[in-house]
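The next part holds the structures, each set out as structure tokens.
Below are two complexes that have chain A in common, paired first with chain B and then with chain C.
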Partner chain A sequence: MSTTPARLSPNRVPFDAGRAAYIGLNLVLLAFLLLPIAIVLVFAFNPMPYISFPPVGISLRWFDKFFSSSDFMNALWLSLWVAGCVLVLAVLIGGACALALARGNLPGRSFLTAFFMSPLMLPAILTGLALFQSYLLVGIGRPVWGLIMAHTLVAVPYVLRTTLAVLHNFDRRIEEAAAVLGASPTRVFFEVTLPLIRPGVFAGGVFAFIVSFDQFPVSLFLVVPKGETLPVVLFNYMKFDLDGAIAAASMVSILLAIAVVLVLERLIGLKAYVKL
Partner chain B sequence: MSSAAIKLDQVTKTFDGKVIAVDGVTLDIEAGEFFSLLGPSGCGKTTSLRMIAGFEQPDSGRVHVGGQDITDVPVHKRDMGMVFQSYALFPHRTVAENVAFGLRMRDVPKPEIARRVASALAQVALTGLEARKPGQLSGGQQQRVALARALVIEPRVLLCDEPLGALDRKLRQQMQFELKELQRRLGVTLVFVTHDQEEALAMSDRIAVMNQGKVEQIGSPTEIYEKPRTRFVADFIGEINLLDDGPKPRALRPEKIRLGPAAEARLAGTIETANFVGGATLYRVRAADNRAFLVRETHAGERAPRAAGDAVGLSWNDTDTVSLEG
Partner chain C sequence: MISRRSILRAGTGLAAATTLGAPTILHAQASTLKITTWGGKWGDIMKATVLPAFEKEFKCTVSADQAFPYVPKLQASSKNDPLYDVLQTNSNEQWNCFTEGLVMDKVSVKDVPNVADVYPYAVSDKIVGVTIFTSAIGLGYRTDKGITPPKSWKDLADPKLAGARGSYLIPVNSLGQCHLMMLGKVYGKGLQDLDAAYKALELLKPIKLVDFTGQMEKMLLSAEVNEGVIHDSGVYRYEGDNRQPVDFCSPTEGVVALEQVLSVTPGSKVKQLAYAYMDYMLRPDVQKLLAEAVWYSPANKKVKLAEKYDTKLLTTPEKVATLIQPDWKWYNARKEDIDGRVTKILKS
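Our next item is the complex of A and B:
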């Protein structure tokens, strides 16, 4: 035994350089992700009229400015409204697409999948420019529904991907069991298929909402003056004023995104879907 | 519960236009019979079952149930019960909701559903677990839920696709008895797909042994075991010695060979290995002409009375050998 001292204390994990490096790398990545948010938080509550460090105190003046500005509020409501519509549309279109791709026995299925996923691969600024030119060409101008359509185009791949992942792991015997018990194809869909893929579809829906709510490059081309979404308004504001209102607006955006995730988690249990 | 006869008439099924899964299979399954489809994986047994259920459409041939051609009837109108190997329970529904599903699809009134679900669960000894989700049950319990769910609709036919395959040996044996008993009590026609020959021999009224999409032999378990018609059947069911010394190959079961002194025997040989299997020993004997024989010798519980290296003589009666077709 004396030749193998490590065996004497089997419960103590010996120092492992690889493991330490792994944990260290994760901490660095986490800091890289979260520190900017912490900085925004600091600036949002700092009363100075310009972005400065260290903060001199705590105030809500920037939040007050954000919430009392009709420009910001109109943009916020427009963004929420657009993102809500995009969520619904992306869930319907992406969900249906995923079902057709996974179940439809379509020829050229992998090509179609790549095609529907392609908005993810194109630079969004290109998508925005292309849509802007197309809308001009067709002569529809830049209506809100055009913006919603554009966001939906970019958001559908997220729903498609999460739904395809669920469908891929789906035991089709469960549907067969329902059919043999007397459920028509329609009833099989509503009684079995839909409830079982719902977590995947809604996880995609959350992404769709956030992608739309955060969308800047596509929106840039498709909004009209006085009808701009929050990211565009913030960008324009930043060009001339760089005060804490930007930070306050960012905090509100972050909190809204978290709220959406939490509400959906409560409603449908995204936990079932963490293995995304 | 009324039961129905099943007839497959020259049924053929090809996948992707080239792989022949089922090749001109004809089966006459009687009403109330426990009928097994037995064979190695890929022999077409599951595809045959899936054609009876309606999940697969035959390329040619017809499927009849209760004297009625149902080849073109969709799955959900066939009125059959089915138990899957993976159980295929609805994971998002409770045990009671799983069992109630078929009744709900038939628009049975609620009080009657409650009554029938309760009695179906009592039948498979699951009373008290109504509110559980399938994920909270053991494999054996899930199996029973699947059985109750299939039987509660009082189907004319119960189809079972390797339903006991996922259970451990002890539980499997217990479920074999229970399933057999339940089938006899309800009188339902049961089609049972398995690759386990012991299971098929133990439970079935009749067995169809399948190989490469074709039926090799149909018969009672005794017939299949005692009088295999082809080399494949002889080889697939239990242990067998194939004798290739005559004009036709012959099969000889290990328990039909007697071991004794070499002087009075047909063949002299040496024991190579002795496997004690409890109450009997399976010997592998190398004969003087270098052929290997399997011999099963029963004895009263003692461990093998012979050991590797012992010289023995092999004898058998010619009437115990079975001529095979090829």
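Our next item is the complex of A and C:
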């Protein structure tokens, strides 16, 4: 569609169909992503014991039920504890693997990369079942550290991938310059390499935390009585009591995820995180 | 004359006799009993009252798993050292487990004395293990939507209920499977008349299908459906301060039994304790406590419930006679074909 410049006022921006479509598409995508959260929000504050729209009022009864339930609270703390451990382990293991794969000139590097990424390719429920059988076979039962190891297994690929992405664009001459100036290899690593790959490692850490905190299929077989993670407790709760406590728990999960991102933003800066 | 020495001697003798006479309790002393149990209100009462009392009485620890799925976990563990000693689940899954050799078939009065007091359905040939409670599967409906209260299973096919009737995803829900068999009975020659059931299923379209009974309860409460297949306890529990405009109908053709069944695993290292737990769960006081908390019909005939429960639950031989028990062995053997067929019918 064409318009004659003479008809346009000097301050008026001509209609751009492409830009409008772009904005429209973004709005649709945003709505697609945020609408479920909005529904959860409505359900969490609605006093009715079922989903009803429009809501009949605002109530904190489901939050009260969630926070006063020892089952939910124990599960929440266990999930946070496991996710915290997984974050540390996945960052250490994934970061080290990424460095070895990017720098180590290892034989069969492609195979090793695929090997470490393989937990993402296998359905998580099968990973959980296989680990469950392995644990029972070796007679260790289902200890919490077994659950942490299982979550770490599926979280490492996230750290590996994000760290490898940073290392791919890494200028090694900076490290060489530090070494030439007399820095030891350890000092080069902690004062040059690590600060530069930090955005990738931390981004992977965020993923690892969230993947562990929300992990359901792997946990399903590995949790023990009185030692169940929040997603497993929520799943079982839903089978018997499908009320707003589920929505309240979901809101708490969402807020926790946001809190983790904000804390990391304070630690490393969101710009560095986004740049990745 | 009774001396201090004779009292001590008599006391020692009594203690020894008691100990010898109760090998089960001795065996239980350092044991852990691994069981499965339901969540929700049932689970709350089990954890708060029932299990601690059992642990105290039998000097043991109970590890109660409330995290589904029980059967795949049992299947994945060693038969010689199973993950559970006592499996609590519904009858259809018990039959699957029995077929695979994961649980034992019957329990005897010798092992579980309270079995002598249960209604016949609790230990019938349709049951693996022993039924401790049952619910009645029938029709739940809204009382405020101007619909005629149902009397028959056929009433669910009323055209006025199109899009406002509910049932379950048959491949994953035993109530859906029971409903399908009842369609065979009501529209055909019996529970095993699958052709009649498939035809009847067509009459129910459009129908809303859910995975869990909890979802059906909420759909009824929110009036997303006006009538649906549900177990009686899923409706009766909305009473008193929690009253909702819903009611339950036991159709004239009969209600299907949704049994809560206990069975023992053959590889259990604490079988006597497992039997003691079964017996304990069948005690009248334990049965009464749980029945009145979650509106389940107790399997023990000697249980006397409070009037409001007694009038609604299956607590007399006459009411128990309305229970229909499906042949799950028969159903499980053809489940794959049935799943494929019903999925095709309900998708089209």
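Quick note on the criterion: the second predicted complex is superposed on the first by the 254 of 276 C-alpha atoms of A that agree within 3 Å, B and C clash if a C-alpha of one lies under 4 Å from a C-alpha of the other, contacts with A are read in each partner's own complex, and residues count from 1 in each chain.
In the analysis below, a contact is a pair of C-beta atoms (placed from the backbone, for glycine too) under 8 Å apart; a residue touches a chain by one contact, two chains touch by 3 or more.
Please read these numbers as outputs of a predicted model, since none were measured by experiment.
Visitor: Clash or fit: chain B against chain C, after overlaying the two structures on chain A?
Guide: Once both complexes are aligned on chain A, chain B and chain C fit side by side.
Visitor: Quick one: is A:Asn26 in contact with chain B, with chain C, with both, or with neither? Answer first, second, both or neither.
Guide: It touches nothing on chain B or chain C.
Visitor: By residue count, is chain A touched more by chain B or by chain C?
Guide: Of chain B and chain C, more residues of chain A lie in contact with C.
Visitor: Between chain B and chain C, whom does A:Phe221 touch in the aligned arrangement: first, second, both, or neither?
Guide: second
Visitor: By the touch definition at the top of the document, which applies to A:Leu136: first (chain B), second (chain C), both, or neither?
Guide: The second partner, chain C, only.
Visitor: Calculate the angle at chain A, using C-alpha centres, between the directions toward chain B and chain C; round to the nearest 10 degrees.
Guide: 160
Visitor: Applying the touch criterion given at the start, work out whether A:Ser118 contacts chain B, chain C, both or neither, answering first, second, both or neither.
Guide: In the superposition, A:Ser118 contacts neither chain B nor chain C.
Visitor: Once the shared chain is lined up, is A:Tyr50 touching chain B (first), chain C (second), both, or neither of them?
Guide: Once the two structures are laid over each other on A, A:Tyr50 reaches chain C alone.
Visitor: On the A-aligned overlay, A:Lys239 touches which partner chain: chain B = first, chain C = second, or both, or neither?
Guide: Once the two structures are laid over each other on A, A:Lys239 reaches chain C alone.
Visitor: Minimum Cα separation, chain B versus chain C, post-superposition (Å)?
Guide: 49
Visitor: Please identify the positions on chain A that touch both chain B and chain C, taking each partner from its own complex.
Guide: Touching chain B and chain C on chain A: no residues.
Visitor: Which residues of chain B touch chain A in their complex?
Guide: Going through chain B, the ones touching chain A are 53-55, 74-82, 84, 86, 88-92, 101-102, 105-106, 146, 149-150, 153, 159.
Visitor: State the interface residues of chain C toward chain A in the complex, per the touch definition above.
Guide: Of all residues in chain C, those touching chain A are 38-43, 63-69, 72-73, 76-78, 81, 83, 212-215, 217-219, 221-222.
Visitor: What residues of chain A sit close enough to touch chain B in their complex?
Guide: Residues of chain A touching chain B: 171, 173-174, 176-185, 187-188, 191-192, 195-196.
Visitor: Flag every residue of chain A that touches chain C in the complex, lowest number first.
Guide: Of all residues in chain A, those touching chain C are 48-52, 129, 132-133, 136, 220-221, 223-226, 228, 232-233, 235-243.
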